[in-house]
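The data blocks that follow each hold one structure.
Shared between the two complexes below is chain A, which pairs with chain B and chain C, respectively.
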Partner chain A sequence: MPVSDQQAATLRALLEGHIDEHKRLLASLDRKADALGYSALVTAAFQNAIDLRFSRDSTLDEVTEFVAQVRSHSEELRDEVDPRTAERVIIAAVGGGDVPELSSEESNKFALILLAELVIDSHYDEAGMDEFMVKARALADKILLA
Partner chain B sequence: MNEVSSSTETTTATGSEASGARESTDSSWRHAGAPDGFQSEDDALEALLASEDRALQGSLDKEDRELEALLDKEDHDLKAILAQEDGAVEALLASEDRLLESSQGQLEPSQGQEVPGGIGGGDFSSPDDPSADDPGTTANSDPAGSGLAASGADGAEGPGAEPQKILFEGKQEEITYEDADLEVTHDAADGIWIEGMPGDPPPRIGEVLSSTEEGEHSRLKGLSELATKRAADITDTGEKLGELIKQQFSSPPPTHTGTLHQVPEKSVGGSEHGIDIGHGVDAVVALAVVGAAAGYKLRQWWGRER
Partner chain C sequence: MPVTDEQTAALRAFLSFDPSSERLTRDLADAGRLDGFGALAHAAFVIAVRRRFAPTWTSAQIVGFTARLRNALRPQGIDLDPKATEILIRKALGDPVTSDGDDKTQARAMTLVLVDLMADEHLSDDSLDAFMAEARALADDRLAARHDGGLGRPK
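Now for the complex of A and B:
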């Protein structure tokens, strides 16, 4: 089952900073039926955003600086985002993998926070955001078929 | 006789600061002897002067002793202050060393040694990768990420060497270091690194990833497993993270990460050579304190000698 428009709209609202809209759309999702599709979309968007920003040739300093940037937004983010774990999540994602010992909740937390930062940092306009979401949906559909 | 005696007593009565001592001396020579008294006025005066000398000498000795005690106390205080400052400087240097070691430890796991949790030391597994525990190899990094990188320094010297002169000539991309021409890549990813200097090129993500690049199918399979794992909590976590992500949007960082692309005719800081500006300031402050203390001691010693 491919990614639905509602799932895509939910993630897009989050990535555009429309948090109230995101909450509303998220609440309207079916927690069981939509979970895998939405998770695949988040995973695909995160993977694409990582691939756009980092590569195997990126230095570890770039990763460190990026994580520092995430944590610099607020005291709460500093408390919530463990820098070493965040760096490991990014590096693992560059290799197409995950940090195995992270729980699903932790894995989601880092993916969503880092994804939001990657999108903020890309300064997408409307068209750029459209393109980003189209590519994320395409990859998510492939993930769901794999 | 009586004249002499009365004369002496008059002197005593009108006397000087040492009158107490003199009176006692007067009475001693009057009572203890000289039934015939002094032979002359000169003798009496001489005795008086001698007694005054003794009294003065006693007073001077007392002042000397007090002065010496005061100087000893000041010496002691100064030593205590110097010891305290030495201790503080040593503690500061030690803490900076520890900080440096810990940061190097995070970025430079030695061969075969795993650094838990840090970059280069974690478990960056990827699907279909049986050797996921290999921490990989890393090398020195450029924390400044200035984008100034060079190679080919023949005349470069050891740690602590500062670049004498750095020149940018348009697109020529050359710097002069220790009379050697170096190539500048201006690639932030290269960091600051000069061949022949301590350290190696900045470590890259590919170096700490144990897995090689994989095919599309296995990549999709891995992402599918990851999506399945995340599906369990995706909606709950999304709800919880709303406020945090709102903060990311409401307080964006100033600009992109500060990458220095070109600094015309300016020398770069020395931290990449093992010297930090902060250490230099610490050293200057410590030297100033020690110098001031030494000057103070010298002045004291000179005053005492005089």
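Now for the complex of A and C:
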């Protein structure tokens, strides 16, 4: 089953900083039926955002600086995001992989936090955000088909 | 027992990148007198951190400083523990946080941060003497408090 409009709207609300709207949409998702599609969409959006920001030529210093930037936003993020783990998640994602020791819940948490920062940093306008979501959705649909 | 002249000389040599520091520190270790040296080094760390960050510090400044130091040390093959480092710095600034990392990790982070902060200070001989006197006084207070059964809380 492909990603639904509601799943896409839920993630988009988060990435655009409409937190109340995101929470409302998230609460309306079915925990069972929507879990796979929403998770695939987060994974796909994160992978695309990572590919736009980092490459195999990126340095570990750039990754460290980026994670520090994320953690500098609030004390909550500082405490919640272990810097070494976040760096490993990014490095693994650049190579198209993940960190095997992390549970799917932990992986999703890191992906969402890092994804939000990557999107904020990209300063998308409406059209740019549309394009980002279309591409994320297309990749998520491929993931779901596989 | 208060900090000795030998312990002060050893740390001063270390902080001024004097090659004699290795011999002086080894002599202290051989004589079993590293305890006061550790207290002195920690006092120097606290003072150096406060000089750099106090009185108005933010969490973001500490995260950023730690990230920059990690990047600076990486080419030398040194992997500084970021969380242990941030917590050490925050503790030195009086933030009531729980330590992270074992004693060895913390000692290593403390030393690396201290060296970096001191290198940034570019202290003259006189200024370094004054810094050492301040560190020695703080270490003596803490050692005395420890001896008296006190908490040895920062002044």
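The definition used in the following text is that the second predicted complex is superposed on the first by the 146 of 146 C-alpha atoms of A that agree within 3 Å, B and C clash if a C-alpha of one lies under 4 Å from a C-alpha of the other, contacts with A are read in each partner's own complex, and residues count from 1 in each chain.
We adopt the following convention: a contact is a pair of C-beta atoms (placed from the backbone, for glycine too) under 8 Å apart; a residue touches a chain by one contact, two chains touch by 3 or more.
Since the structure is predicted, the reported quantities are computational estimates derived from the model, not experimental observations.
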{"item": "Fit-or-clash call for chain B and chain C when the two complexes are aligned on chain A", "value": "clash"}
{"item": "Partner chain in contact with A:Leu144 - chain B first, chain C second, else both or neither", "value": "first"}
{"item": "First (chain B), second (chain C), both or neither touched by A:Ser39", "value": "first"}
{"item": "First (chain B), second (chain C), both or neither touched by A:Ser72", "value": "both"}
{"item": "Chain B versus chain C, judged by how many residues of chain A each one touches", "value": "B"}
{"item": "Touched partner set for A:Asp61, first chain B, second chain C, both or neither", "value": "both"}
{"item": "First (chain B), second (chain C), both or neither touched by A:Arg84", "value": "both"}
{"item": "When the two complexes are fitted on chain A, the stretch of chain C hitting chain B, from 21-29, 93-101, 111-119 or 147-155", "value": "111-119"}
{"item": "Those residues of chain A which chain B touches in one complex and chain C touches in the other", "value": "60-61, 64-65, 72-74, 84"}
{"item": "Contact footprint of chain A on chain C as seen in their complex", "value": "59-60, 63-64, 66-67, 70-71, 74, 82-83, 86"}
{"item": "Chain B-touching residues of chain A, taken from the complex the two chains share", "value": "10, 14, 17, 19, 22-23, 26-27, 29, 31, 34-36, 38-40, 42-44, 47, 54-66, 69-70, 72-74, 76-77, 80, 84-85, 87-88, 91-92, 94-101, 103-105, 107-109, 111-113, 116-117, 120-121, 139-140, 142-146"}
{"item": "Chain C partner contacts - residues on chain A that touch it in the complex", "value": "60-61, 64-65, 67-68, 71-75, 78, 82-84"}
{"item": "Chain B - residues contacting chain A, complex", "value": "106-107, 117-120, 122-127, 129, 132, 138, 141-143, 145, 188-189, 191, 202-206, 208-209, 211, 213-214, 217, 219-224, 226-253, 256-257"}
